[in-house]
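For reference, the structures are reproduced in the following blocks.
Same chain, two partners: subunit A is paired with subunit B first, then with subunit C.
Our next item is the complex of A and B:
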């Protein structure tokens, strides 16, 4: 796991896939938000956040993810998570992220779900 | 009043229309949308919106060119007031001022007419927005505390079953950093002798690895240092962070490691102070970690012990097969032998070989080392002797062949002392080689004791060694006692050795007894001498007495 969170973006039609590698803290969260907003601006209506290479998220990172989620919802878009460790999965569920964003085990399942919705 | 109501309603409708679009917008924060709507609706040149942030009024949004220049005056009242060309309107609701809106370029009349509407309407919106934000923050805070509790619970569960110390360290470190919102952290664990066992860091090391062992954190207390860059933390300067929280990982006063996190993050990029609540949380993690690490350590030790015992039992079984189950019946010789390993597996070995023409070969050997490696060498020696005994023409040659065999095939570089004897009962001739072995005792029928010393170096010690054969003749009734040093070096509580002198005395005292009885008596005497003292060497003994010739009823 990288110490500085890196975010890689990939676009498949109207679905943007952001894959993180590292600690989702203030820096990591800001980078996710920056890239997520750029994708929304360029026409993406659904975001898939793949956290397969992330093992740690703090509350600042979560608050930024909530902001991203709100932004996506304001635009009537969709957000899905995948590749979560059990700890992060549980944290997201407690923090309310899972209320409005679906969680899938794999990226393929997440893309399929938001692309066909 | 009747004139005002329709006008007010019309104004409110206009304001609502101006705000409708910005309120729905999602691209910009609410303050920016409100500032823009207010400027559009009033026709002001430009405007600025100030909101309260931690006891300070800060500019939250501007609308119009150069609106950044609109500086909020130092207000002492909550009424709208003009400063130069700008009207400053307090945005209030429920008796609380939520913001100040500055609009430039309005006439005094326009200002007087618009200010009440804007103040109330935008104030209400900001109040609702602020309240909604507070509710969200409170909800977030409650959920965060819930994550902490769940995390502690989960950590207890997962650590309970986690026996890999490395994974365990990662688990504790990641959760500690995450739940304290730290930017970085380190967990270091030590061996029992204080050496560093492992170190895990995220976001950079707080100390060079060798620095952790000497970090004297107070027992059972977390140390908060919110000036870590300039003030040492528990005596250690941490150059790599601004603020630090550290706690020792200990069990019953025994130091197992250190857990430290640093540089608590905030949403706006500032480094926050660590609080006593953070310290409590980190201490809880350290306690969980200490219990889990100790459990893992004890489990590893138990598994290792079990593995060793299994290996020793296996090796002991092999060795039991190697030692003779019974002694051969050889005419003209009384024999007795015993071997007591001090552990499950010893390094002693004895064997007897009935040979052609009524002869008897025998050996007593003591392999260097103990346990499984010694047992393996004993096994190799056993194979070598059985392979070579029919090939060698002399005792010395046999020992040399065993030496070469060991050099070629033994898995470990060890050596052994050995007494090998070839006894011819008819003549009483004993030919022997003592390869660095303890002096054997030869008790003559007359009561005199002779010692048969070494005739060469231990087997396997030096390449190209040779051994001298020595011949002695045993008269009927003479007794040979060959033993290993576990007997003579058995110690008692006063740390005295049993010694050759005591052994000689016991042998001499029992020279009339059957050799089996004497053998038991010797072992008993050694055991009585040592009492409860644990012994560290195997004890092996072989007794050989040349029998008195049978009385010929026809003689004389």
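Our next item is the complex of A and C:
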């Protein structure tokens, strides 16, 4: 597991896809938030967070993801997660993230869902 | 890896209270989990529980020695192998009864986004025992293979 979380952004119409690689702690969460807000400012109305290359998200990282989710919800946008390991999926459900954001197994399913929402 | 009094095998590790040191601890947990051929998803659960224990200690314990003392133990109980992690700090301790339980409702209303560490540990591990006092805090977490 990398100590530094890398975040790659891709845009497909109004959907921004952020793909992470590595440990999502406070710094990783802040980098995701920075890129997510930049995408929202540049016109994206939906975000897909693909975590398939991340095996640990700590509770600080999740609290930052919740802030991102709240900002998307404030803008009446959509946010979906995909590629979660069973442990991350379980943790998201413990903290209630799954009540407010959709979780899909694959990126293709997540994109399809938020693009048509 | 040495044998303890009960015949369990254990490894000790001491890490400084410093950013990202929890990663060093999780690498050790993974190595010990792999040693007993614990499934990868269960190792991930141990790693995250350990991360949360370390972060809590880093943020709140105010350890007098600026260190976190860890023991990774593998053993067998009723024919079931387990990985046990002991996290000990020599900090100020805390009163478990005074810890406010988090909830998704509080988290999403903006009142309490943090404070999930203990809940996550208890949800991901099979057993969690916490003793805390003026001498510090000891968290003993066990996961069966």
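Rule of thumb we're sticking to: the second predicted complex is superposed on the first by the 116 of 117 C-alpha atoms of A that agree within 3 Å, B and C clash if a C-alpha of one lies under 4 Å from a C-alpha of the other, contacts with A are read in each partner's own complex, and residues count from 1 in each chain.
Going forward, a contact is a pair of C-beta atoms (placed from the backbone, for glycine too) under 8 Å apart; a residue touches a chain by one contact, two chains touch by 3 or more.
Quick caveat, the model's predicted, so the values are computed rather than measured.
Residue contacts after overlaying the shared chain place A:100 against subunit C, while subunit B stays out of touching range. Applying the stated contact rule after C-alpha superposition, one finds that A:71 touches subunit B and leaves subunit C untouched. In the superposition on chain A, A:55 makes contact with both subunit B and subunit C. Within the superposed three-chain model, A:91 lies in touch with subunit B and with subunit C [touch as defined at top]. According to the touch criterion, the shared surface of subunit A, contacted by subunit B in one complex and subunit C in the other, consists of residues 1, 3, 23, 25, 55-60, 63, 66, 87, 90-91, 94-96. Of all residues in subunit A, only 1, 3, 23, 25-26, 55-60, 63-64, 66, 71, 74-75, 87, 90-91, 94-96 touch subunit B in the complex they form.
Within the complex, the subunit A residues that touch subunit C are 1, 3, 23, 25, 55-60, 62-63, 66-67, 70, 85-87, 90-91, 94-97, 99-100.
Within the complex formed with subunit A, the subunit B residues making contact are 26, 139-140, 143-144, 146-147, 150-151, 154, 170, 174-175, 177-179, 181-183, 202-204, 265-267, 269.
Here subunit C touches subunit A in the complex through residues 20, 22-23, 26-27, 41, 44-45, 47-48, 51-52, 55, 102-105, 107-108, 110, 113-114, 116-117, 119-120, 123-124, going by the rule given at the top.
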